[in-house]
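Both complexes shown next keep chain A, but they swap its partner, so chain B is in the first and chain C is in the second.
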Partner chain A sequence: MKRLRFVLIAALMWLSSCGERKTPDLTDVNSVEDLKGHSVAVAMGGSFDLMLSDIGGVDIVRLGVGELLVAVEKGRAEFCIMDQFQAVMLNLESRGLEMKFKDILKGTAGAGFRKSDSLLCSQFNDYLRGIRVSGEYDRWLDEWKASSDSMAYASFAVPVHEKEPGKRALHVGITVNYPYLFLKDNRLTGIEVDLFNRFCQEAGYPVDYEIYDFSALIPALNSGKIDVILSHMRRTEERARQILFSDPYIEGGGAAVCRRANGTVAVSGAGFMERMKESFRNNLMEEQRWKLMTDGLWVTVRISVLSILAAVIAGIVMCRLRMSRRRIVSSPAGFVIDLLRGIPLLVILMLMFYVVFASSRITGTWVTVMSFGLYYGAYFGEVFRTGMESVDKGQWEAGWALGMGRFQVFRKIALPQALSRIIPVLKGEVIALIKMTSVVGYVAVVDLTKASDIIRSRTLDAFFPLILVSVVYILLAWLTGLGLKALERRMVSKSRGL
Partner chain B sequence: MMSGLRESIYSNLLIEDRWLMMTDGLANTLRVALWSVLLATMLGAILCAVRMYSRNWARNCVKLYVELMRAIPLLVLLLLLFYVILADSSLSPLWIAILCFSLYFSAYFSEIFRSGIEGVNRGQWEAGLALGLTPWRTFIKVILPQALTKIIPVYKGQMITLVKSTSIIGYVAVVDLTKAGDLIRSRTFDAFFPLLLVAAVYLLLTLLLGLLLDLLEKRLNPKSRKI
Partner chain C sequence: MIKVRNLKKVFRTPDGEDLTVLRDINCDIEKGEVISIIGPSGTGKSTLLRCLNRLEEPTSGVIEVEGTDILDRKTDINLIRRRMGMVFQNFNLFEHLTILDNLTLCPMMLLGKSREEAEKAGMELLDTVGLHDKAGCLPSQLSGGQKQRAAIARCLAMEPEIILFDEPTSALDPTMVSEVLAVIRHLANQGMTMCIVSHEMQFVRDVSTRILFLNDGIVYEEGTPEQIFEHPVKPVTRAFINRIRTFESVFENRHFDLYGLFGKIHAFCGKYGLGTKVTAKVEHITEEMLCGIIPFTGPVRLTVEYSEKTSGLSMTFCQENAPGRILDMVDDDSLSLMMVKGMSSSVTEPQAGTVCVEI
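Entry: the complex of A and B
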């Protein structure tokens, strides 16, 4: 007992050694070297991330591209390093932020291709050379540089090309990041998208854009999920060993952004309701962002319904195998169920996406449905099994004594009784499944959560999209609960009405 | 095959001491998991007590809280705490994650505790009181041991769910096991090995936890105890 207490105390001391934050003093930070000892938010896996890791001594806060500014604004990091062009285009002043220094890792960026796909790469390079010579390139870049937030990009953004017979569709992996790639009026646009659409129109490729995390782009390219990386990726030695870079089409560097030294955010005199109205307009109405949300909701609902179906089927199969009287069937089934229940769903999802279905052109949605089907199939299967096992053996014997067949006893006697025990437990699992779909953004599916992430990365408003998404999920869970309760009532009355 | 594996181990773990990332990640995962289990259990017990033995309004508050927590995705709650509710606090992301998991799972735990305690026959209470035990002694000596046999198996499953759920804390810049795998992947661009390794470590963790809780279950079962 004494030893146990000692171990417990030691564990508590170890646990409480979690880090604390310091108060910022940012006045004399003027170069990358000075960032040592400060917390800096960067996009995970990006070149700034690698640079800071190499410097050492910097407290690196790795986030998604769209969350960097919010992290600084909310004091989650003292600095963030972001693309300097982007920093200029975003209105930093009004958010109480400032650009401290820039031209970090100045360099050029291009599109990325698979090493084995040099034909496509050289085709793209030819196109780039062509527009440089004709002057179209300069016109294109000037137009974009001159455009401000309010300008109608659509006027010069080229639409996606129609599918032509004989040409394969190009799958392009992107990271949503204003002003290179972003959604306006629920359509993907931005500097790079515009350029690539022009190329595809000339070369006659239909295009399919898929949204990934930046750090997932190269694995996705190399495992054949996508054909092109279009994410103003800077050329580094380490990357160039993995993928084929096109000729550069954009120059840039990073800018370090922090809170303004003496500045507090200019709080407008508007009341709470006013601000909510403003948020509502900004996050939903402007550029038809609500469409992104409704699309996301639709994806969430579709994935949930399909996954529940898949999981029920998988669950029935697993339950049947697990309950088999032959050890040679039941023990492997038990092993698989334990395996599936022992690994986080997120890890299973990524394993399925990047390893199992790496080279197949199956979409993220179907990989998700399969992963969820398997994972929750294991849970559902156990629920079914406990339900079936709770039916007294005497019930079976009674059925047989009445001269019923095996299936008939199952169908008429065992199942109705088991169902009345299964459904209440299943209800919780189904709602858990629906909520769990919020992680599918990891495999390039734009669901409700990811949609709000995209909006967040554009409006840099942390509050409204998140609250909205929570409310929608709560509604979904509530509606599902109601539906299942109705089902439960029907099932129970059915078994009673004998 | 073997040389490929050796190459993978070298480039993903040994070079630049990348295995340190994994062990640091594992430490963070364990920290969050252990603290959350601890806090969520305590909070769950309190919620359960309030829900079962207190005034109407407090009971309704707890009911609402539980319903709310069971309806909102964990990831969304985490982001809400990180960017909205605790945005201006000086709490480190690690503690925000712990807080989030504690709040979320306390709702589940409290329901598990409640159904366990309610599963004990009322007659047991009356028997305890009739023997002259105080209500508190009755609870500790008579009700709880019986309830625990019902609670532990479900509690075990939920605890394992908690440990696995910690894989999302990478979203708020805590480098846990999953994120460490991601980080290595972002440097080596090897999709296969880090993921498999992470999966194996989680599996090991949950298996160990399952074994530990099985032991606990056996020890707590009054039927296996010598009287």
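Entry: the complex of A and C
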């Protein structure tokens, strides 16, 4: 045990101090072509990813948007390509990084609408044209560029229409990405949010933002989950075939970022504890980010509890059907159970969200509860079945022979015996369920994991949020185990008495 | 008290075939009787017992308990079962409850007794079966004999009017059989009405007032222990009571496989512990009879019968289409016949063509 702890601590120390390696000489790299033979981190599936794939000869490291800078800092990649506006806003110098060259794939980004929703699109375009003509647009953008922080606070002052019954609220799908869309003091802000809020203010729409993965935005739009994509989405031919782009409101391109040519990374001088303190402050205290975590934790807990309840109910139903003596009932039940167990949970979740409930406005939370209920219901059902089958037929017969009814034997004899075998097995399944809730980010639910993703995308620190989230999940699993153990004890003692 | 008429039970095997276990059972059980049900295995003794409290659903027939037809859909079988205790082969104590809780659960739940009442009665019952010290134990902590005694006590806790015993000692170690039988005997002495399925012949003989011999799905023979054990009327009963084991073989003509037959006889004798001397005798007699005496005017059937009870061994040679008495056709000074007579205690021919050799 002691030895294990030592190894763990050593591993963590090593992980957190990876950045202290010397930077190689990258002075010759001044254009996209020069990236050949170097390792470059890009956002997975984004336009830079496609571009580098086309060039060939580049060692592409595909990551999430939030991990790009960390990858360069830690030396996983020599370069990263990120939005140049973003690169300007981030304080690269203090991280020991520099912008090598920019204007990669210069292009424009706009909002996305459903093809059938051209009225809304043209309304938005009219608004854009209006502020461009009046000069308001340029002033506003310059101010954002000068100070995203103060503009973020200013944007909170823009009143947003209250949702009223009967009035259409715009559901806007976003991907958190500083400085376009980010959370400050636990409130959503950013250049695009600010712009869209102003538009909604003028056009009189209540607005509702939902956080999605970038790759899930277009399916969500086309299936009617959201009405607008507002995610700094660049206009490409492929995308334009699927959705309707508004006029561009932001121009830009990518910037290649690498480590500064001379010296090691500045932070490496600080001790381990000091760096941890700094991480704690940066990831949790600043801008009240802990609130995002606690909200995410609450969502995780709520989803877990509801999913467990749903899975228990579904499990009981499936177990009952599966154990039916009528073949016409038990074989289809067995088939459905095999089917549910054969499909990965994430795929079931996406199927439910984007196909089954595509056109309904049902929230991701409820789709999650239903999907988890079905999927884990199939597992729970089999656990219940083996538990019930493990009770000897003789126990039932002894009860009947004494004059007990079917339900009385079930309640007093079979159930307590089955439960003592079911609960230990179920404990593992329940903990697996809780951990599995970390995939709900795919259906626009901001749970604990997604919350940490959002924080990471802002602070560009992979280590602290992930460790924190791990610890929270471990605590959740531990508490669940304790709870189930207490339940088991109560069941046994209850069945003894009357 | 219990009246059974034309009871029939057909099981459906997994292959979809019908297996008739009980063909046509008729019997009565009166108050105060101790009825034992005996018979070869597979004749439905347990099934009959389980039909009496409807743990098995009879296919057809009538079962009346004090005038109530228990097969009637409108009858509340649970009320009937409360008055009929059952003791199982595998004890079936409730594994998650202590012995005392096993005894008190049903009286409290079904008879409306208070916990104090039920526990007091339970402890008294445990006293009578000698398990006072085990009240707080779980069934898994008890030996087989103790478990079965606890199961009997659990039955008694419901104050039944009759107890059905389904092979109560079959799953027990031989050393534990007697302690369970002693408890049952004690109940019989107190005048409890009981119906017992058992293979413990000596016990059955001592304790029963009446015995039902079940064979081939019917009550084949019925009577007092004396009638059944001392003077069984029907052949299957006799064979069963005397525990007669048989070996049978049929030969079409003189050219049969003699050494193959010796092998089978050897196996049969070995199975029942007959020793090399007796085995050699059986083989010699078989050889002399089949090769020297039997004329083979048609197929010949050999039956070897061994009674485990009396240790008597008899061989029957049955010649089909015999032209007359076989022993009359053989010369008196025939070497074969002399040898057979020398090795056996008697050689008779009760009817023409059938020769009986007793060893």
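Note that the second predicted complex is superposed on the first by the 446 of 498 C-alpha atoms of A that agree within 3 Å, B and C clash if a C-alpha of one lies under 4 Å from a C-alpha of the other, contacts with A are read in each partner's own complex, and residues count from 1 in each chain.
As a working rule, a contact is a pair of C-beta atoms (placed from the backbone, for glycine too) under 8 Å apart; a residue touches a chain by one contact, two chains touch by 3 or more.
In this text, all values refer to a predicted model and were calculated from it rather than measured experimentally.
> Tell me which partner A:K485 touches in the superposition: chain B (first), chain C (second), both or neither.
neither
> Scan A:K412 for contacts with chain B and chain C and give back first, second, both or neither.
A:K412 sits against chain C, while chain B stays out of touch.
> On the A-aligned overlay, A:R132 touches which partner chain: chain B = first, chain C = second, or both, or neither?
Touch status of A:R132: no partner.
> Just to be sure I read the superposition right, which of the two partners does A:K115 touch: chain B = first, chain C = second, or both, or neither?
Touch status of A:K115: no partner.
> With both structures superposed, pick whichever of chain B and chain C touches the larger number of chain A residues.
If we count touched residues of chain A for both partners, the winner is B.
> Touching A:R361, do we find chain B (first), chain C (second), both, or neither?
So A:R361 meets neither chain B nor chain C here.
> Where does A:E397 make contact in the superposed view: on chain B (first), on chain C (second), on both, or on neither?
Second partner only.
> Can you check the complex and tell me which residues of chain C touch chain A?
Spelled out, the residues of chain C in touch with chain A are 53, 55, 78-82, 84-86, 88, 90, 92-98, 101, 105-106, 108-110, 115, 151, 154-155, 158.
> So in the complex, the part of chain A that touches chain B is made up of which residues?
Against chain B, chain A makes touches at 11, 14-15, 18-21, 41, 44-45, 49-50, 61-64, 67, 70-71, 74-76, 215, 218-219, 222-223, 238-239, 242, 338-339, 341-348, 350-351, 354-355, 358, 428, 431, 435-436, 438-439, 449, 462-463, 466-467, 469-470, 473-474, 477-478.
> Sort out for me which residues of chain A touch chain C in the complex.
392, 394-395, 397-405, 408, 412-413, 416-417, 420, 492, 495-496, 498
> What residues on chain B touch chain A, complex-wise?
Interface residues on the chain B side: 31, 34-35, 68, 70-77, 79-80, 82-84, 87-88, 90, 92-95, 160, 164-165, 167-168, 170-171, 173, 175, 178-179, 182-183, 185-187, 189-192, 195-196, 198-199, 202-203, 206-207, 210.
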